[in-house]
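When the chains are written out, they are named A, B, C, D, E and F in that same order, and each has its own residue count from 1.
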Amino acid sequence: MTRHDGRAVEQLRPVKIETNYLMHPEGSVLIQVGDTKVICTATVDDRVPGFLRGQGKGWITAEYSMLPRATAERTQRDASRGKINGRTMEIQRLIGRALRAIVDLEALGEKTIWIDCDVIQADGGTRTASITGAFVALTQALAKIHENKPFAKFPIVDYLAATSVGFVDEIGAVLDLNYIEDSAAAVDMNLVMTGSGRFVEIQGTGEEATFSRSELNELLDLGENGIRELIEIQKTALGEAAALVRDAKEEA
Amino acid sequence: MTRHDGRAVEQLRPVKIETNYLMHPEGSVLIQVGDTKVICTATVDDRVPGFLRGQGKGWITAEYSMLPRATAERTQRDASRGKINGRTMEIQRLIGRALRAIVDLEALGEKTIWIDCDVIQADGGTRTASITGAFVALTQALAKIHENKPFAKFPIVDYLAATSVGFVDEIGAVLDLNYIEDSAAAVDMNLVMTGSGRFVEIQGTGEEATFSRSELNELLDLGENGIRELIEIQKTALGEAAALVRDAKEEA
Amino acid sequence: MTRHDGRAVEQLRPVKIETNYLMHPEGSVLIQVGDTKVICTATVDDRVPGFLRGQGKGWITAEYSMLPRATAERTQRDASRGKINGRTMEIQRLIGRALRAIVDLEALGEKTIWIDCDVIQADGGTRTASITGAFVALTQALAKIHENKPFAKFPIVDYLAATSVGFVDEIGAVLDLNYIEDSAAAVDMNLVMTGSGRFVEIQGTGEEATFSRSELNELLDLGENGIRELIEIQKTALGEAAALVRDAKEEA
Amino acid sequence: MTRHDGRAVEQLRPVKIETNYLMHPEGSVLIQVGDTKVICTATVDDRVPGFLRGQGKGWITAEYSMLPRATAERTQRDASRGKINGRTMEIQRLIGRALRAIVDLEALGEKTIWIDCDVIQADGGTRTASITGAFVALTQALAKIHENKPFAKFPIVDYLAATSVGFVDEIGAVLDLNYIEDSAAAVDMNLVMTGSGRFVEIQGTGEEATFSRSELNELLDLGENGIRELIEIQKTALGEAAALVRDAKEEA
Amino acid sequence: MTRHDGRAVEQLRPVKIETNYLMHPEGSVLIQVGDTKVICTATVDDRVPGFLRGQGKGWITAEYSMLPRATAERTQRDASRGKINGRTMEIQRLIGRALRAIVDLEALGEKTIWIDCDVIQADGGTRTASITGAFVALTQALAKIHENKPFAKFPIVDYLAATSVGFVDEIGAVLDLNYIEDSAAAVDMNLVMTGSGRFVEIQGTGEEATFSRSELNELLDLGENGIRELIEIQKTALGEAAALVRDAKEEA
Amino acid sequence: MTRHDGRAVEQLRPVKIETNYLMHPEGSVLIQVGDTKVICTATVDDRVPGFLRGQGKGWITAEYSMLPRATAERTQRDASRGKINGRTMEIQRLIGRALRAIVDLEALGEKTIWIDCDVIQADGGTRTASITGAFVALTQALAKIHENKPFAKFPIVDYLAATSVGFVDEIGAVLDLNYIEDSAAAVDMNLVMTGSGRFVEIQGTGEEATFSRSELNELLDLGENGIRELIEIQKTALGEAAALVRDAKEEA
C-alpha cells in the first residue's frame, strides 16, 4: 500500500519559499509545502516587553492565524468570536519558542521581532511550515538591519526547520503528513531541529492511541532526514544572507 | 503638478484579478489594484440567519480583515485585542450591503454566502478593491453551483464595482487614490456602482474639510468612468461566467 | 398619495431644541425631531488622545447609544452583550468626524471634547438628530469656556446640521424620514452640511436597490433646503452664543 | 447645624413621577427625586428564562445604567469598557429582587417583565429612585395588559418603594441623602419596604465605619416614614391603576 | 420540628480555622464552617490603586471564586464564560468593604492587601465564612510584616466576623444556615460585626417574601451571639497575633 | 554537585494521593507531589459535545486553573482578565487528550466527563501532577457509576501517569523537577505514559537551548522509571477500584 498522493514514506512534499513576498515588512516569505501556503513576516520593533526592559536582551514573539477559507470548511475568525482559540495559542507559543532557540538574544539587543504567520491555504502541517518559513523571514529582516547598521555579532546562530512525522494506518511511519494523512494518523509528532541536528522541540501525541519507544525512534529517524532537506531549501532561498548564519554558527 | 506616481488624474492603477486563487473556497480571487492586494473568497452555506428563516430568501454577509503587516506599521490583530475595531465593522457592513444590491435574494434561495476579504498588502483603496474582487468571487461561486444544479434564475442581476475619488491638495480631483494620496486628501469619496451606471453607495467625507455641490459633481464624473473600466476587467476575469450575469441582467 | 403623517415631501418634522437640559455637563440639549428624542452632551477634558499629544491641537470624539426601550421592540444593551455593535460604531464615528469639520482644532487647543448622544426615543433619523443636537451642545460648552477664559479665536467656524432624504415607494423623494418611511425606503441618504451650504458628509445607500445620477440630484436638493431650516432653529436655540459662531465664521 | 440644602433631617427631597413618559414601552416613567432623574421602563416579554420554563410562573428582571454625563465627572460607558461594573450588577440585581417580592409570579403567568432604569441625572439615591419609579412603570405595564386581557388575579399584591438613610457628620441620622451627603456619610443604608410596612431589603453599610444597634433603629425609624410618603406619591401617579394594587393587596 | 442536621436554632456549625495553610502567601487559612471550606489568603503589594496614590493610605481589595465542583452541580468557571457573574462581584465587593471597616488605612500606609477567597467546598454561608477566614489571613499577613518592620500603629483595630441568619419554614429564625436551609429560607440576612459588637454590614433580603420590624430584631439577636462565638474561635486561631489586635483596639 | 533538595537525580518527590477529597464530585483527589498540591475532580455529565452526538461515544474534557496565591507572586485570575491565557489552554488540552488515550470512549457511552484540576499550591510539575491525580479521580468516578449500573466493559483500559524530566546546569538529567530546577532547566520534557510503558505524549522543549538524540534518550530512561513508580502509588490510592482497571486492561 502506498501513500494516497504517491509519495514514498520518507518523502517531503514539494517545498517552495518565495522571499520578499510583501512590500512593507522587514522580512516576508510565502512558503508552500505541497498545498499548504503560509505568509510569514518579521517586524522589527525597537521596544522590548516589560519583563526584559533594561537587560540589553531582545525577544521574539509570534502570532499565527488562518484565513477563514484556508480550510475546507469555513472557520470562524477568532476576532468574531472575541477570543483566540486554544489551538492557535499553542501554535503561536511554539513558533516563538522555537525561533528563540537559535537566536542569541543578547546579540540581538533591545529589540522585539514580531513574527506573523498567516495561513492562506491549509493542507496539513501548517505549524511546521510556519516555523520553516518564519526562520527565513526572520533571517531576512535581521540581514536587512545588519546591512545598514551591522550587529557586533549576527544574532542567528543556527538554521531551524520543522516537519511532522506520524503513524498512518496500513502504511506505517511517514514523513510530512498532509491533511488526509494527519486526520487518519494514530500518532502525530512535530519536530523542530537545528542545522546542527539538535532538537529544539519534540511534540508527540497519540490521539486516542499510544506508541512504544522503538516506534518513537522510527519517527525520529524519518524526521531528522526531512529537516536536513528543508534546511537546504532555506539556504537556497536566503541566497547571500545564508552566509551570515553560517558565519555566526561557526563562531558560536 | 502631476500625481506622485505619474498617473493622469482620471487614471486607475493597474488592476489584476486572478480567479480560483485558493483550492478550498467555492469562489476565490486575488485582486491587485496597484500595490493593494486582497484575497476575496465566497463560501456557500445552506443555512440563513434567523431573521430570514422560512422566507425562501438568501443572504450575503461579509467579513474584512488585514494581515498585521499589510500596512507600513504593524497593526495589532483584532483577535488579540479581543474585539473588532470600528473601521473594520464599517467596511464589512459596506461590502455586504453593496453585494446584496445586485443579487436577487429570492432567486438565490435559502443560502448564505459568506464573503471574506483579507488584505495581504495595503496601499489605499482596500475597501473598494475588496468590493470589486468580491463581486468576482461571488459570481464564480454561484456559477459553480449553477453548473451542477441550475438556478431557475441566475441570482446576480448586474455587475458591481467600486473605486475612490477625492481632492488632493495642489492637484485637485483624482481617481483611485493610493495610500499617500488618501492620507493627504481633504475630501475622500467611495463609490459603488452597477454595470448599468446606477449608484449603490456614495460615501463622501470631508476630513476636517468640506466640499461644494459642483466639487461633488466633478468627483462623481471621475468615479463613473473608473467604475466602467473596472467592470470591463471583471468581465475578462470571469470568462464564461460573464454570460450568466449578462443574461440575468437582460432578463431583470 | 401623501406621506402617512400628512407632511409635504419637502417638509421637516417639528424640531425642538431644549438647551442646558442637564445640570452636570458643560453643554447639554434635548433635541426632538418629531418623536425622535436625543440627549446630547458635551464634556470638556483637558487631555488629548496619544496621537495628538504635544501638537497644540484638540480633538472631538463621540459616543452614541440608545436606551433599550427607545425602540418599539426592546434592544439588548451593548454592555450586556459585551461589545458595541457595528451600527453604533458607524454612527459614533460619523458624529465625531462631522463635528471636527467645523471646529478649528488648533484654535481649540489641547482639549478633547466628548460628545455623548443618548437616544431616549427613536422614530427614525436618530443619527442626524444627534449631529444637529450635538452641534448645539458643543457650541454651548465652548461658549461657557470662552466666557471664563476667552479663546484667541472661537473654535467653531461654521454651523452644522444633518438630515436624511430618501426614496419611498409610491411617494418618491422625501425629506426627513421617520421610522415607517425609513423602513420602506429603497434609497436612504444622510446629509451633513454647514451653514455655508457645503457638504461634510454624504452617505447614500441603496438597500437591495440602486439610484441614478438624476435621482441623486433630486435628493440633494431636498436635503439642502432641510438643513438650511435646521440651522435657523439652532441659531434660535443658541441665543447669544450664536454670535460667537457667526463672528468666527466671518473671520475664517 | 442644618442640612446643606436646608431640609429637615426627616424630610424627603421633592419627588415627581411623570407616567407614560415614552411612546414605545408598555410602562414608562420619569422619576425625579430632587436633582436625581431616572427613566424607568417596563417591557413585557412572553418568554421566561430557561430555569422557569413550563412552570406556569413569570419573572421580573432589571437592568440599570447611567448616561455618561449623569454624573459630575463623565463616567466611561460599560459598553466601551466591554463589561458591566460591579456596582451596576449589584444595583440591577437589587431592583429585580425587590420587585419580585411584591409580584405574585404565578398570577403573572409565563411572562418576563424587563425593567430598565436609566439614570439621566444623578444626585444621590439613584438605586432607590429606580426602585420607586420602576414600581410605577411595572404597575402601568401590567394594568395595560389587564385592560385587554384581564389576569385572573392582578399580580402586584402590594406597594413598594425605597429610600436611603444614613449618618452624616455633625448632623446625625438623615433621610434621603443627596450626593454631597452620601459622599460624606459614615453609614449608608438603603431600605426597600412594602405598602404594609414590611421590609423587603435592608442594606446597611459602614464605609470605613461601624454602627450600633440603637443607631440602626434610629435609621429604620426615619426610613419607614420616608417610604410611607413615597407610596402616597406613587398612588397619586398611578391614578386609576392604584385600585388594582389595592384590590390585589386586600385579596392577598 | 428541629433543624435537619439536629442543631439548635441558635447553634453555629462546627468551625475550624487552620492557619498558615499555604507556603507562598503572607497570610493563609483554610476555614471550615460545617461542610463549607474556603481557602483565604492575604497578599501584600507595595503599590496602591490610582485613586489613592500619594495620600499615604493603603487599600484592601478582595476576590472570591468557587472551584467548579465546590457545588453539587458543576458550575462553569467565570474564566471560561469570559466574565465575572453578578453574585461573585457582589460578594467580593462585600468582603473588601467589610475588612476595610476594621483597618486603619493610614496606619497601613501605601500598601494594597489582596484578599483571595477560594471556595473548595460549598454548603451555604460561603461569603460569611470568607469574611471570617479572611480576617485571620489578613491579621496573619500584617503580623508578619509587623515582626520585621513594625508599624507605628498596628493597622487592624478590631475583630471582624460574619454569619448568616434567616427564617426557615416550620422552624423560624435560625443561625448559620447551611445550603438546604438557605435554599428554603424566605428571608436571608448576612451580618458582619466587629469585636465591639458594632455592625459593619447588614444585608437582609426577602426572596419573594418580606419581614417585619420585630422579625428583624429576632434575626439580629441570633446573629450577634453567633458572631461573638466566631470571634472567640478567631482569637484562638491567631494565637500570639491576637495580642496585636487587642492592643490596637484598646488604643483606638 | 547534588540537587538542592538533596534528592538523587532519578528520585521522585514524595507523592501522596488523598481520594474522596470533596463531598460533591463523583471523583475527587488531592494529589501532592512534593510541595505541589492539586485538587482533581471528575464530573459525569449525561450529554456529549455537539460533534459526538448520536455516535454512542463519550468524551473527556479538562479544565485547569491555579489559585492566585498558588504561586510565589500573586497571579491575576483569568476571570479578572476576561480571558484564559495560553499556558492554561495548552495544559487543559494536554490533560484531556492524555486521559482520552486510556479510555475506551465507546465503552464509556454517551457521557462527558469533566476533569477539573485546580492547583492549590505550585512548586513545579503542576501539569504532570494534574494528569496523575486526574487519572485517579476519573477512575473513582467511573467505578462509582459501575457499582450502580455496571458498564458492559469498564472504560478505563490502562493506567496513566505523567512526570517531567530535564537538564539542569551542573547536575545533568534529573527526574521530577521542582520549581527552582524547572526555572533553571535548559531542556524541559513532560512525559505521559501508560501502565504498559507506552507513550501517550512527549513534549520536550529547549528554552533558548537544544538537545541531542542521546540526551533525549537519557531523559526518556529517567522518565519511564518515574512513571512506573507513580502508577504503583495510583494503584494503592485506588484500592479496590484498581482491579477494574487491571481487568479492563487484560481484556483489551
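Basically, contacts are C-beta pairs under 8 Å (C-beta built on N, C-alpha and C of every residue); 3 or more make two chains touch, one makes a residue touch a chain.
Here the structure is a predicted model, which means the values were calculated and not measured.
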item: Intersection of contact partners for chain C and chain D; value: none
item: Required steps from chain A to chain F (each step between touching chains, minimum); value: 1
item: Chain copies touching (chain D, chain E) - same or different residues, decided at half shared; value: same
item: Magnitude of the superposing rotation for chain A and chain E (Cα, nearest 5°); value: 120
item: Whole-Å gap between the CA centroids of chain B and chain E; value: 60
item: Whole-Å gap between the CA centroids of chain C and chain E; value: 52
item: Residues of chain A engaged with two or more neighbouring chains; value: 82-84
item: Chain contact graph, described as a line, ring, star, complete graph or other shape; value: ring
item: Chains in cyclic order, anchored at chain A, direction fixed by chain B; value: A, B, C, D, E, F
item: Of chain F, residues touching chain E in the complex; value: 22-25, 28, 35, 39, 41, 43, 45, 63, 65, 67-72, 74, 77-80, 82-84, 88, 114, 116, 118, 120-123
item: Chain E to chain D touching residues, read off their complex; value: 83-84, 86-87, 89-90, 92-93, 97, 100-101, 105, 158, 189, 194, 196-213, 216, 220, 224
